[in-house]
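So that you can tell them apart, the chains are marked A, B, C and D in the order they are listed, and the count of residues begins at 1 in each.
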Amino acid sequence: MSLRLAPWSYGFLVALVMWVATICYSGTGSAIPTLSSALVFAAFSVVVGTGQMLVIASGPGNIDLSMPSVLTLAAYASMSIMGGSDAMVLPGLLLAVAVGAVAGMLNYLAITALRLPPIIATLAWSFVFQSFAFNLGGEATLKPPAALSEFTLWSIGGIRVLPVAVMGLTLLAVLVLKRGVGGRQLLAVGQSERAARLAGISVGRVRLVAYTLCGMSAGLAGFLLSGFSGGAALNMGDTYLLESIAVVVLGGTSVAGGQANAIGIWGAALFFNLMATMLNTFQMQAGIRFLLTGALIILIVAIVPRPKAG
Amino acid sequence: AAEGTATGDTSGKKIAFSNSYAGNSFRQVMIKSFEAAAAKAKADGKIAGSAVVSSNNSVTEQASQIQNLILQGYDAIIVLAGSDTALNGSIKEACDAGITVVAFASGVTEPCAYVVDYNLDSYAKAELDFIASKLGDKPANILEIRGMAGDGFDKRLNEGVNKALAAHPSYKKVGEVYGQWTGTIAQKEVSGVLPSLPQIDGVLTQGGDGYGAAQAFKAAGRKLPIIIMGNRQDELALWKKEHDATGYETFSLGATPSVSQVAFWVAQQILAGKQVPKFVEVPLLQINQPDLDAWLKTVPEGGVVNAEYPQDLVATIIDANVAKAPLPMVPAPK
Amino acid sequence: MADTALQRRPRLTSALGSALQIGLPAATLIAMLAVIFWIRPSAMSYFGFTLLFKFAVPLMFAALAQMLVIMLGDIDLSIGSFVGFVTCVAALYLDEAPLLALVILAASIAVYAGVGLLIHVRQLPSIIVTLGMSFIWLGAAVTLMPGPGGTAPRWLVAFMSWKPPFVPLPVLIALLTALIGHLVISRSSYGAVLRGAGANPRAVERAGWSVRTIRCAVYAAAGALACLAGLTLTGLTTSGDPNVAPAYTLLGVGAVILGGGAFTGGIVSPVGTVIGALTLALAGSLLSFLQVPPTWQIGAQGAILFLVLAGRILFSEHRS
Amino acid sequence: MRAIPSANREPRPGAASPVPLIATRAVAKHYGAVRALVGVDFVLAPGEVVGLVGHNGAGKSTLMNVLAGTVQRSSGAFCYDGAEIGAWGAREAQACGLRCIFQELSLCANLSATENTRIIHASLRGLGWRRRARALITAALDDIFPGHGIDPDRKVAELAIGERQMVEIARAFTQTSVPVRGVILDEPTSALGHTPTEQLLAHIRKAAADGIACILITHRLNEILAVSDRVTVMMDGAAVADRPAAGLTRSDLVAMMGSIEAHGGTGRAIGPAADGAIVVDHPGRDGADRPICVRRGEIIGFAGLDGHGQRDRLRAIYAATSDVPVAYVAGDRGAEGVFPLWSIADNLTIRSLKALQRGGFVVPGAARALAEQWAARLKVKAPDVDTPILSLSGGNQQKVLFARALASDAQVVLLDDPMRGVDVGTKQEVYALIRAEADKGRSFVWYTTEMDELSNCGRLYVFREGRVVEEIPGAQINHARILEASFGGAQTGASHG
């Protein structure tokens, strides 16, 4: 076979298959709306996934399980400060991202200072962050300013702005990973911590930045999502726990670290959304939906050719 | 059995609340309602103390927390069970230790426990009856938003829906998604499936999902169908806004978080010596168009419609259950 | 004199290190028990121990299953939903059609072995394959049993509420499991090969072992232990529920790490894992004794996790 | 310097045995397009010691892997003990008494020496297996490396790298139900100190006398000459020469390997420029330890017995030096040198990103130019700089690591035994390069376990028990002086504590 696909393209391919299957079932009229809706929801997964990717790429075992609660906490904090006022949107955004940044730093601090495996350290923090959110007014959904909601729903000439903006973010991530000094250093640290240290890279600083950026992306996602879904709610982040990891790995990033693929996250995120749409459209029983979801995930990782790491 | 409030001395009794999950605002209000009732009861000398323990959506953790509450010597435990059956072992153990167990808002099957719950068949029937009152017998497409697959509440309510649908043969269920009682998820699932669906005339919900569904319809540029709301402030506000703009009409039905107060007083009344049936049905809180504005004023921004269940009202509910009389409705605020 | 006779780390610190590895979680467990007994002295009894640790039994088995997988350098995200699946099978069939139940359980253990085979042959990341499997087990469970229900066989319930003389059942099971685990994994000659295969599969392959067979066998054993977790859980809850145990996945990982295990493969301790599982089970209970305000309860759980694991700084090796 | 055991050897009866233990004919191994072996004929008689030499990437390890059953040959015939072998795997090799010490360590670091011994002995099981295994490995260690001081119940991870190597060697000579017939030693001495190396070479002779055939691969040709009955030379995947060892000299061997040993090891007569500024001034850790001072353009050597604190001192200097740019070339390529997923260019430029960036982004043209320039200067053998680093042979990977340091702005380059496993020809090229760079004003601090390399240095610090015990100026560098200082001779009495 002369045709060799890049590993990250399989997500797009399978997503395409599911999109076509959905259209075949429900008529061509649904093609554009289905895709458009999938793109919007994929955009949120991509924002969290991109952050998670940076952490996963920073070395084997690195992972952030606190993303859902950081997302929720940041959303609560920013909705509180904005208080529904359009004038406060920018401070709200800054606060959401700042909350995420602090959370990311705390995660990394626990990992280095207490020498905890990241999976445990971030899990423990996620409980603490969740408690903070409970105390920030968990009895109500905090409403976003109208301007924020309008931005998340904004479309120009029938094209939604939000996914396009997130695509810009993805392109930035691609550029930084390929050309950026920080990106190169991140991938070096991910491949071999000891070699990176001896090549003059400050391993701790690179990982700190990765975790911080991951927290910031969770904060950003929380900010946008509460604008889109009508407010900050305590359980708004729950679905992003496993999804943020799954889109990264299915997108072609290696869990062994040192290699990252930002574009692939889009393919995987579209795959997840279109798969849910397809299974819902086919009106399958819940059990069968789960079975097919699991089987498709395994199928994709199993058929994707993996680059051999040394 | 004696009617009215039992007045046996319970001033030395302690009541604990084992909650399966605290991660959404409904549950947060529920906990606050319990704490408020318990604090007042303690001040009035009706109980000696109370405690709330939440597990993080983990049935096993809740089961072992119930075991701990047994050890701590509580006289009654009220339980919002994370599973209809998985707590049976622990609940049995509590009963055997002489503890009064009141399970509420969940279909706990252990016979030794008192159950305080809604009638989910009438929940579903009320939803469809309202739609029928608006659409009549014309053919209509229905979308059902369910909760979580494998959950007991979801299963029972879905059974109720299927029974109720059988009574309306002209209605067709054209779609079914799982919203997990979470606005963002309901929004995502409905948005995904909507493009492939024909025109939807009615949406059946389980609570916590109506606003997300409405957002999905609006984003898709579709006409808002009759979405049964679930007593959330944002749902009511949306309903009011649509009503003012287009004359949109629907109704809202759901559990009140303060059902924890009902369970609390049921437990207290049992300790006080009142004869209580093993199953106590609580009324659902229903909001109709005429009462919308009045209710909306009472709800905090972003919150859930709530109502106080004082001791005597709960005693009346128990008596109505015994007498198989209609339950006292929660009166609309003026 | 040989120049390598220069010892880099004295033997003493090494021995101390491994003693701390077990000693530290054990000390944490004892400290937590002390707090509980101080708050509630009556808990210090046969009855109290039974109640405190009853639900640690299935968690212990699930943690040991996770430990086997971590021993190979993998992670299993499907244990929680698999345990839920087993409770459904047990509650549905074990009483009425025991043979069918056994066949299903045996088949699911074979599926576990198959997952190990797939991961090995295609060199897949276990984290994503087992994530997929978690959906599959949940789907299978929901298909079998759309909502909680079923009944556990009498003998199972009777066994789980059995009161052996002197030693409470959970304590007895913990002691036995830790002992057997220690003998098999830490002491036996095959245990050495298994741990070796986790740390350096190539070296073990070169010594003439088939790492593929080892991986299949270890995954199957993990499946079997998870079945035990499901069965004991069914005995305790007296019913089946597809969503009963998702928490076991991460709690199991926590127990393994707490017990001195590491994700690098080959470094696990069954005794430590059992103690870790008991500790984590108790951590949840501690909250209900401490009367933490509801909004801080989950945060307190995170704090306890930090406190319990912070002791690792004392002996964790610093490699740079 | 590796001393040659003085034993004068008779031809062994085994060497004349009619049935060879191992005989291959036209064995070939392809990895896709890479032809690692192109048809090797190789014979090993019982009780014979064959020295196998060849440049980096000649195919020595691949051939050994084929013999040990860990790599399947693509074609060719293989006879073991006279029988034609079809399918041959690690299990079969073990069962037939053929043991292999692989180039990379093959111990499980999480297990003890005792447990590692169990791994290769299927019969070590049941009650009391641990006691038996411990006895086995202790006996082997005592036998081969008297005075080794290794605790067989300590985790291998806690042993120094030399100790690990000793455990692996000793393990290969342990014997249970299956008698050991042959032992392959692929660069067993690269991590061993002086004494253990001598002990090992002596043991190989002893084993051969007991009828155990051995294959020894090493780039230290003196060791080959010291123990081999016969020498086989490999080049580019083929065995190109095969001669009895008796009468061979080092330069014969080098000539057979096809590279001429440029004789450059005369040291730098020129000391540092008198006005050379001090670039490193690193204090000793206590009174008994000496400070280390490096001037511009100097090449400083760290001498002493292996594992006496040289590496720790290098790391300490690396960590402490912040006022001048410093680079570190690691000898342990796999673990601390290469970035395995990257190309030559990426690996080479990672230390120079600061100079190559504009506004936080690397200028692609500049990076590529730098990589190509240095890859060419070090004669890295690869199609282009986009070639993945792992597809290079070990010696060429090492050149890339050198290039990484030299291409950077580093004023001081720390060399951590960087020639491990590098072939003779490459070494000479690198020596010349280091001298040329030093002449341009760069300073080098060079830790090496090869005495010959120290003659490239202008000044030496000798280490013993974690401290610098003596400083030897360039004019006085000679083997005797170094050895004396290393072992704590009379004139270092001041440092006795």
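Methods note: a contact is a pair of C-beta atoms (placed from the backbone, for glycine too) under 8 Å apart; a residue touches a chain by one contact, two chains touch by 3 or more.
Remember, it's a predicted structure, so these values are computed and weren't measured experimentally.
Across the interfaces A-D and A-C, which one involves more C-beta pairs in contact?
A-C
CA centre of subunit C versus CA centre of subunit D: separation in Å?
Measuring from centre to centre gives 43 Å for this pair.
What whole-Å value do you get for the distance between subunit A and subunit C if each is reduced to the mean of its CA atoms?
The answer is 30 Å.
Based only on mean CA positions, could you tell me how far subunit A sits from subunit B in angstrom?
Their C-alpha centroids are separated by 33 Å.
Hey, what residues on subunit B touch two or more of the other chains?
22, 28, 56, 149-150
Using the touch definition from the top, which residues of subunit C touch two or more other chains?
Within subunit C, the residues that touch at least two other chains are 138, 141-142, 146, 295, 297-298, 301.
Of all the residues in subunit D, which ones touch at least 2 other chains?
Residue numbers touching two or more other chains: none in subunit D.
Among line, ring, star, complete and other, which best matches the way these chains touch?
Chain contacts: none of line, ring, star or complete; other.
Would you mind writing out the residues of subunit B in touch with subunit A in their complex?
Subunit B reaches subunit A through residues 22-25, 28-29, 32, 56, 149-150, 175-178, 180, 182-185, 187-189, 191-197, 211-212, 215, 219-220, 232-234, 300-304.
Can you list the subunit A residues touching subunit C in their complex?
Spelled out, the residues of subunit A in touch with subunit C are 60-61, 65, 110, 113-117, 119-120, 123-128, 130-132, 134-135, 138, 194, 197, 242, 245-246, 249-250, 254-256, 285-298, 301-302, 306.
Show me the residue ranges of subunit C that touch subunit D in the complex, using the header's touch definition.
Against subunit D, subunit C makes touches at 1-9, 11, 14, 187-190, 192-193, 195-196, 198-200, 202-210, 265-267.
In their complex, what parts of subunit C are in touch with subunit A?
77, 118, 122-125, 127-129, 131-144, 146, 250, 253-254, 257, 262-263, 295-303, 305-306, 309-310, 312-313, 316, 318, 320
Going by the contact rule at the top, pick out the subunit A residues touching subunit B in the complex.
Interface residues on subunit A, with respect to subunit B: 22, 25-27, 29-34, 37-38, 40-41, 127, 130, 134, 138-143, 153, 225, 228-231, 233-236, 238-239, 273-274, 276-277, 280-281, 283, 286-287, 289-290.
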